[in-house]
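One chain, subunit A, appears in both complexes that follow, with subunit B as partner in the first and subunit C in the second.
On to the complex of A and B.
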């Protein structure tokens, strides 16, 4: 009763989220039941109970796709972090309002473009007759175009662009919460700017780094349009396989099994990541 | 107050006097973009002129619409659905299409045999999946006249085909290996030999267009209509019919089971098979008419992949049995993804 008196709108606000959560649970239950049913060629309705969809997942092709997906996610998170940190740092610390606006627009603009538009743009940039190859050819660095499309490299480049805004926002939030007195104390004790950054600022921003990397990892795990279009069928990830094997050929039971395995795998990887990052987060914790 | 009541009564009388057909709308489910425009500019125009009934569209991808139709089974969102011939069989097998009474479609008397897909769905236009290439970007001296030419080592890393449907190249490989669609396994070994020549697999028509127009994949197994569209945009593409023939595709239409406008739906199907409408469709998309009495202009009729004579249908089209294709697509797709697309 005390709780409802303190928060009179609690029930009102919680109800929609419970309904949404119910919808998610129902969807997951549907995926689970589809994954346990047999695929009947030429029919839309799946057959009876079967574990064969999960047995299929043991093929090396799928293990390789899971591994490739993790590697692509890790590379994307790493390079996004490398690019996003200086951007976020400058965004928070610069006092020039014009520069701040320019940085903000640069960092956040990709969010306003759809994933498809961004991906098609990258096809134009990375193609054999695209911007990068044309430029390198024009300045005489290369005679033959460098193959960037349909490679893991191309997919990672485009995915970094997709995840960059979110990483910048998360890092900027973490950096803005750092008490500048710690840095001043370090400087007054004789530490130079680089040492102050490496021993004070960077450790204190670790919670933001961990949150950003985890989010980027999870986001990339479910990315579809970018690996599908840039990878051109030559780079297989879990989501592209779900599309190729499930939806493109109406094998919904197998697509469901693959999706379910993907969800479980993602949760496991994220849990491991969080566990590994716990000591770092503690190190970065500050009042 | 009396004035208002009188005005209201007059308006109600006026509305009641409008013919019922003018208030009705026929709902057609189709692909978006140029295919919706094609239907609106040709079939729907004729249908509305004949009946006074407007047409509304539900657009989406082949599989999205199939899923929606499945969820709405019994009370369909659309009265008519356009889909591919083999996916049409999935609609039919799931009881989503009504069995057609061809006596209610007088123009169906001229339907070519190849467009009579099932008792539930019939062709609306046809096309081929064939070889399209950029002569300016292929290695010097490479000639493309047969499907077997795709296997030439000079074409290493140049080829693309659709990732959503490998049936064309799989059946071609089976044919070149002495098999056919039913014995597709005979072509597996040969198909694996083609793997080095593949550079990419395109996801949709737009992706196909981009890959060939930028020269990223200078040779493709492509939809003839797509090739002609790119040609009209100035991309120097050569489209050929290989000596073994090109793989026929038929887009089809069916009446949704449970529709309350079956009579209008039949009239729409009849309008679609009108010879003038069929000629207009062929002009618009550079595809084949599915009736034998459509008169095309000589330029369109002369294009490779546009079939206007029984001889062309017989000798230039590789036909994969549509029902078999619906049943085998899953198996083919899986084999292709596991063996051809995987590194």
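On to the complex of A and C.
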């Protein structure tokens, strides 16, 4: 390849990222290759070519896990959106700089704490001798602790907390780019604040909602520590199954097939969400 | 008045959400000072023994050392690779440009357990499974999308006329790069590096698959601890974590303006 004068550093600058991309693609190819080989119990090295892993995927157990995972992802995305919107709105629109920076740091700090610290905190909040149960007991609401650990409810609560910051950031970015003249126009034409919000602000923030929901979906699908520790084996998601298959059963071929199905599934769902949102975004009519 | 009723509704909602965000941090903070060896609430007696254990526990110290080694390599490699790629992406047209971009940013959407599993399999086949290099490579793959995006945004805000001026005055391309582009890009490069470092330090799921006992990073050591013990040591460690992170972010917000970095400032 000839280095042209207007692209002096092309080869130098692109080569490192080609190497990284190559390694990454090779690792995905390794998953594909493992998924097409037979599992020999008690052996780390997989056997010859076989499609049995993909046949195994069709078992009700795994269809069920996919369904459970999707439900958890959907619930998490819904509640995260519900909680994140008012916070993002206040964060962008408040005129008090101190309040703004408090809201910003509160919303963003959890993002940098990592999955373990956040999940562990929720174990103390939700456990049978934890914060919520002790509080309710002290007040006299309950005699027996409410079981929240090892339930889907507990997993969803913790996952909402995990995905809230990124949703707030994406919504705030969208809300901050709304031209406020549209709102003023609606108000001057006689729309009340609620109507202005519902017919102008909310539709104009749709790109942020779509970005937030898809990211929340991908993150929840990818989450491992939260369903593993708070679910405690009672809540099976694709991520916990892949780990269990790989590191408890050493069935790497099937773990590979399941992850592959996971990738295809995530890509499909995200494409579907974006497709479904397209007419809505057009309705938002961004100038 | 309807205006004030709505405003109050918004205020109450915001207070509830902030409460929800802070609740675990407050609870973990109190739990860390609990003298008893089981997680229970509220604490009967206070003590600092779990802080002492958290700071002296062998696996945590070892994990911290590994996490720092991996973090420094990851953030440095990914800022070099990511900045170079972002520059090419912003300034050049080349074959397979969009394919390469799609591959490098796909880890944003691909589950981390898949990335970890794939690199574990590849590493095992190539004979360097579970070494530092495979851990660092997996982190580079995971943080690179964030670095590329961060540097790309800084590049977009760079006035190309400055470079043209230098070129028209006879500066060769490498000199324009070193004396014009790099200094102007420095804040963007630093925030990209910092972002990569923080993400790498906290990365758990990917690390769990590719680390061994010898290379386990702090989040993996913490995970193993929760599975083995039920005492408040991890609450103490989490408290240290939360205090350091919140302090750093408050400072970053004061000096860098987090709102601008995250693109959430009201535009007019």
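We take it that the second predicted complex is superposed on the first by the 269 of 287 C-alpha atoms of A that agree within 3 Å, B and C clash if a C-alpha of one lies under 4 Å from a C-alpha of the other, contacts with A are read in each partner's own complex, and residues count from 1 in each chain.
Convention: contacts are C-beta pairs under 8 Å (C-beta built on N, C-alpha and C of every residue); 3 or more make two chains touch, one makes a residue touch a chain.
Everything numeric in this text was worked out from a predicted model, so none of it was measured.
When both complexes are superposed on subunit A, subunit B and subunit C end up clashing with one another.
In the superposition on chain A, A:28 makes contact with subunit C only, not with subunit B.
Touch criterion met: A:233 reaches subunit B, while subunit C stays clear of it.
With both structures placed on the common chain, the touch criterion links A:64 to subunit B but leaves subunit C unconnected. When the two structures are aligned on the shared chain, A:270 is found in touch with subunit C, with no touch to subunit B.
In the superposition on chain A, A:91 makes contact with subunit C only, while subunit B stays out of contact range.
Subunit A has more of its residues touched by C than by the other of subunit B and subunit C. Residues 120, 123-124, 127, 129-130, 229 of subunit A touch subunit B in one complex and subunit C in the other.
Residues 39, 41-45, 59, 61, 64, 120, 123-124, 127-130, 149-150, 228-229, 232-234, 236, 241, 244-245, 247-251, 254 of subunit A touch subunit B in their complex. For subunit A in complex with subunit C, the touching residues are 7-10, 12-14, 16-18, 20-21, 23-28, 30-31, 33-34, 83-84, 86-93, 100-101, 103-110, 112-118, 120-125, 127, 129-131, 134-135, 161, 164, 169, 172-173, 176-177, 179-180, 192-194, 215, 218, 221-225, 229, 238-239, 242-243, 246, 252, 255-256, 259-260, 262-263, 266-267, 270. Residues of subunit B that touch subunit A in their complex: 63, 66, 70, 89-90, 93-94, 160, 163-165, 199-203, 207, 210-211, 214-216, 323, 326-334, 337-338, 341-343. Residue ranges of subunit C in contact with subunit A, taken from their complex: 2-3, 6, 10-11, 13-14, 17-18, 20-25, 27-28, 31, 38-42, 80-82, 84-85, 87-88, 91-92, 94, 100, 103-104, 107-115, 117-119, 121-122, 125, 137, 140-141, 144, 173-174, 177, 198, 201-205, 208-209, 219, 222-223, 226-227, 234-235, 238, 241-242, 245-246, 249-250, 253-254, 258-259, 262-268.
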